[in-house]
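Order of writing sets the labels: A, B, C and D. Residues in every chain begin at 1.
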Amino acid sequence: MSTTDRTLTSSGFYVSQEAPIRSDNPVPTPKAAPPDILRCASMEIVVTDLARSRDFYVNVLDLVVTEEDEDTVYLRTLEEFIHHNIVLRKGPVAAIAAFSFRVRSPEELDKAVAFYTELGCRVERRTQGFTKGFGDSVRVEDPLGFPYEFFYDVEHVERLAWRYDLYTPGALARLDHFNQVTPDVPRATKFMQDLGFRVTEDIQDDEGTVYAAWMRRKPTVHDTAMTGGDGPRMHHVAFSTHEKHNILSVCDKLGALRMSDCIERGPGRHGVSNAFYLYLRDPDGHRVEIYTQDYYTGDPDNPVVTWDVHDNQRRDWWGNPVVPSWYTDASLVLDLDGNPQPVVARTEASELTATIGADGFSYTRSGDAPDELPSWKQGEYKLGHQL
Amino acid sequence: MSTTDRTLTSSGFYVSQEAPIRSDNPVPTPKAAPPDILRCASMEIVVTDLARSRDFYVNVLDLVVTEEDEDTVYLRTLEEFIHHNIVLRKGPVAAIAAFSFRVRSPEELDKAVAFYTELGCRVERRTQGFTKGFGDSVRVEDPLGFPYEFFYDVEHVERLAWRYDLYTPGALARLDHFNQVTPDVPRATKFMQDLGFRVTEDIQDDEGTVYAAWMRRKPTVHDTAMTGGDGPRMHHVAFSTHEKHNILSVCDKLGALRMSDCIERGPGRHGVSNAFYLYLRDPDGHRVEIYTQDYYTGDPDNPVVTWDVHDNQRRDWWGNPVVPSWYTDASLVLDLDGNPQPVVARTEASELTATIGADGFSYTRSGDAPDELPSWKQGEYKLGHQL
Amino acid sequence: MSTTDRTLTSSGFYVSQEAPIRSDNPVPTPKAAPPDILRCASMEIVVTDLARSRDFYVNVLDLVVTEEDEDTVYLRTLEEFIHHNIVLRKGPVAAIAAFSFRVRSPEELDKAVAFYTELGCRVERRTQGFTKGFGDSVRVEDPLGFPYEFFYDVEHVERLAWRYDLYTPGALARLDHFNQVTPDVPRATKFMQDLGFRVTEDIQDDEGTVYAAWMRRKPTVHDTAMTGGDGPRMHHVAFSTHEKHNILSVCDKLGALRMSDCIERGPGRHGVSNAFYLYLRDPDGHRVEIYTQDYYTGDPDNPVVTWDVHDNQRRDWWGNPVVPSWYTDASLVLDLDGNPQPVVARTEASELTATIGADGFSYTRSGDAPDELPSWKQGEYKLGHQL
Amino acid sequence: MSTTDRTLTSSGFYVSQEAPIRSDNPVPTPKAAPPDILRCASMEIVVTDLARSRDFYVNVLDLVVTEEDEDTVYLRTLEEFIHHNIVLRKGPVAAIAAFSFRVRSPEELDKAVAFYTELGCRVERRTQGFTKGFGDSVRVEDPLGFPYEFFYDVEHVERLAWRYDLYTPGALARLDHFNQVTPDVPRATKFMQDLGFRVTEDIQDDEGTVYAAWMRRKPTVHDTAMTGGDGPRMHHVAFSTHEKHNILSVCDKLGALRMSDCIERGPGRHGVSNAFYLYLRDPDGHRVEIYTQDYYTGDPDNPVVTWDVHDNQRRDWWGNPVVPSWYTDASLVLDLDGNPQPVVARTEASELTATIGADGFSYTRSGDAPDELPSWKQGEYKLGHQL
């Protein structure tokens, strides 16, 4: 990614205009036009104990059950009017079966087929859909190894936004975004640009290594993000709430249920996206984010925000440390036969190593020396120093 | 508007799919394509006492001053990255000089010129812009009598979203929408559909009279709305906050400043839009809404919500009455010479009369008789009954 | 009440040090010491349709059922550790059977007996208590005509403060206060001082007429208040929430249940007490307040706040009008035989008349002329001016 | 402390009735009555760089300056009506000069003198006070080594509770409590009971070791707490806000100011007290807590809550780990000559060692084995396991 024409802001990060991402090993740009994607819309999650996972998503997170059968539970958020945002499907291995995106019209599915076929990807189209509630759909194994799904036809269900009698303190309003782990972030981001996504933020170092990038179709900070690491894997799926106290309520409830150990990180304020966040781990270890209040990004010249990987406010604006598992753990993804995709190791620098531990460093103020962290911060950022 | 194929929801309103609005007296649909509008972006407000208005918008509402001179103050919200969202301009008559919309590219301005020229509207284009901070712009007197502006080129300024040291308890994050008063709502809405807007909600009665309609470009409930009444006039301009307590803080501050009489209506929860709201009147009587938390509307098949005009939760979900001035008062709008447009009276039924007063009625539960309002509500809804 | 030694604050009200209230018609001060009261603790409410009232308090307001039988439901708030804060008891006439206060020790009951016996009041003591869950208790018909109860012995129940899995968006944390209607406020307040209460705020006019007074035992703004009007009647019972959004959630839920017409006034910010509030009417018309965030008053020299009755921010800091029913309606109270106490008319000036209507006036800024209300306020404050 | 008659609650902690604390090495109980203390009211903090500390407390935390001179700044919270809650005094060594408590009347100072004199403590009384704004005051070096101050006479200042024009997003409403570090918690707690304090919560292990205890005069969870560690030292001083978002705003602002490294721990939900919290370190390393929403404790039979030291929700209800510095760091306290008190090492088990590190363990669910922590938690709770 280019480091030219960046402007340093008064908040410590840089802004620039989006440019085509350069990759040493690019996925070729298809001649076929990409499908016009509206938004991330649903994820199909394979779980090993359906009853336990249902309890987590329905009784703890309070998602609404649209429909269910012996092997599958279809869930939605309170403001959703399409059939579901989450499919829990019983399976032998915890993994992600589909990242589903809604497109603007039925005709866009033909474009999806052409786009991925030209790239040599495996493509499967089912007129009756792959899940209940969604009609004609296309699933692909994309060039990065992820199972992407595209659909337009859906069964409409009631948007329950006004049904405040159904709200709980931690009510989930919308599916907000996905986050994917991939070894080569510029390669992945460039491919996503070809698919029609716009980059909103990223994390880099002075050498130009890109550690993560965020990209959107709908005008929020992201519909998905690419996180550098061993992949393809699914980092997390995120739901949004109306306010910050809703997220705190999720934590309070987990404490009351003596399930607080499913809190992995947060709550906190992101630097990237400026949103308030919480990361949970579901019974299979799939990571779920609860998220609220990022900003409008819909103008074509929306400034791209670039964070220095050593800025310890980039991942948490309050400087609270990122737990190592958040960098290392992620969910397997499935191919179209339902087998886990092999995981390829990232070869570039790791954000974990670059920022935490004996050789890493993070600063609060640009220019601070590595050892200027207050003593109470060193235990968190210098893993050998704790006691 | 069609009353067929409506589905009654469990919340008491109807949903349907958007259809072209029928009007007995339509503005012709131009053959020229409309400009691709991104969002409502700025309003130019003529004020009679600039110092007093500046104090209101800057010291009370805490908008950020981008730039100012003797006759003009340019203001923006904390999450904005374009030069301004509000222009306060000193003038002899309190009025609205421009409803400004940002378009997707410079080329869209040519489309705007062609679109309005074909309609016989007065059109003026200034390469250097009509205000500081905005470049090449087109202003028109639209077929409904409103001064609309279109622009793409802007001066970028810093998005202050992360500058929490600048936030106040009632911090305004974004310009959210406009609201226009016009005598014939279906005529206006049909014209807005031709301009590329999508309808999200409306208020009707059983006879098909349309009292108001909401329409959007960006995927929120609206970029503008058409309110039935004597027009063309400007009903209000709305800013959004992150959370509901921010809006309550605005009220608290107005109380502390002994300016509580600039609160006209609210705070409350809207039925339409499901947002939390507050209406203020600025020193010239221009109405400003503070607004938060409507819902995503970006899917093409987003259900249109239709409210019964007699449902007393349509304007306030809690059933609190609408103060009559909210229906009757609005700001003049200017032609391109700066003269107020003449106001044409609405001839169809008035929402105020239909719902409040001796002959009007409003119900909490559909089917309740007009006199089933509890005694404590009758004073508010039956204007002769108060004491 | 004395008007000397008042200090005008920058917020528009006065502060002074509490002094003994003077009354033209005082209840004699007993020689017997009053009982040491801890706090308002419970109210026994007679309801005409127990199932409907239970639904309101349990399913709408989400109070916790400690115990119930065919004729009675015992309810408590989430932070309570004594058996109940509300008793709903089925009866022929909607009324209040007891305002219950907890005293510091069992011995205080002897003091209560002596105190009220000396005043010639009817006193009844039951070693087994008048309700389940409370032991040895004293009930009296007090000199003002109210059924007061005193108790110490209680059955402890679990304080559910940490049980966030039971919280709903409008969770009620504590019983906060009562409010009583009585014709002669200084007489009532002077009696309450004799009972050991401390005055925290009041509303007066320039002639020294006292319209209402607030008084406390626990260090909040009140355990009870005296509102001038025809009495003895019960004006309201109030529960507190943790935050303001909890109160907004109650409104939202009432809208969703199509029960918004049980909202009588608010939500809003009080001038008096500085708390955020909402007033509801239960199925029998008993008034319930939801309340949050007043201030600490526990120092002996805590300043008494005095509001001018014509200050339109005294009852609502945002200047929103008080609905007339809020002044006129209240619940009957019962004598110890269960018969309604006769209601005596207030002869002094009425706050309603003094502030609203043809002859009343209210100002936003002291010194504003009566007709300086903005036009949008006149409809609310001048009952003949609405249209 | 007694382990009998405890009741296990559904939230995982125990409740019991308060009993006199037993200590192997008690401070003798004076025959003289203790002073009747109202509340913790002020702390005098010695800072080494007054300008920098002033900036922190005034410009970052937004406390109100009542008065200041070259060497001293007097600060108060928005709801306070006495002269100050904090004195910043310039000095050579960062330390605490006084923990100040307000008593119920001037006469209580005589009791304080007698009480501490009988204990052989150094006692100093100054009729003109030790600081501006406070009159006749008594300072002592208490038997635990802490500099305690008692006063009644104060200069009244305006309670700014209604001055919402002065509120910032993180507005501090009240001084809530102190927290003291002392080697022998039962000894200290027993002494505080003699001084008239009531115990509300504590942390123990199965062997009866007491790690910390909370105690109150005003009816909140505490006016001060005793934390086991090397002492006498000051652990923290705490201010309360109205709502949780106010605390999050403090974090957001610190991020914006690039001062996030003064956040030591949190924000989070306490198990003990059920309050929402944040711990900061001021420029000298003095710890400041921002706190909101504990519960009413004013009934004499208020249940004492006892937490198991191995319950990892005791200090943070969400199970987030306590940073080691929070256990080890604290501020020196001064004797009446202004010299630091020598620090005596705690000899009993350390909470840090008992719960974190190779030999410690913490459970989410009672009965969970030490190694049942999820992998993502082990890095936090097992200090050698991070990578």
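The definition used in the following text is that a residue touches a chain if its C-beta (ideal position, glycine included) is under 8 Å from a C-beta of that chain, and two chains touch if they have at least 3 such contacts.
As the structure is a computational prediction, the values presented were derived from the model and not from experiment.
Ranking all chains by how far their C-alpha centres lie from the centre of subunit C, first place goes to A. If you compare A-C with A-D, the chain pair joined by more contacting C-beta pairs is A-D. Centroids of subunit A and subunit C (each the mean of its C-alpha atoms) stand 50 Å apart.
Rounded to whole angstrom, the centroid-to-centroid distance between subunit A and subunit B, based on C-alpha atoms, equals 34 Å. Per-chain CA centroids place subunit A at a distance of 40 Å from subunit D.
Residue numbers of subunit B whose C-beta contacts span two or more other chains: 11, 162-163, 243-245, 252, 255-256, 271, 317. Listed in rising order, the residues of subunit C touching subunit A in the complex are 162-169, 171, 243, 245, 249, 252-253, 255-257.
Of all residues in subunit C, those touching subunit B in their complex are 11-12, 243-245, 248, 251-252, 254-256, 258-264, 267-269, 271, 276, 281, 312-313, 317-320, 323-326, 329, 352, 357, 364-365, 373-377, 379-380, 383, 386-387. Those residues of subunit A that touch subunit B in the shared complex are 9-11, 13, 15, 38-39, 79, 81-82, 102, 104-105, 156, 158-159, 161-163, 173-174, 218-219, 242-244, 271, 274, 293, 295-296, 298-303, 317.
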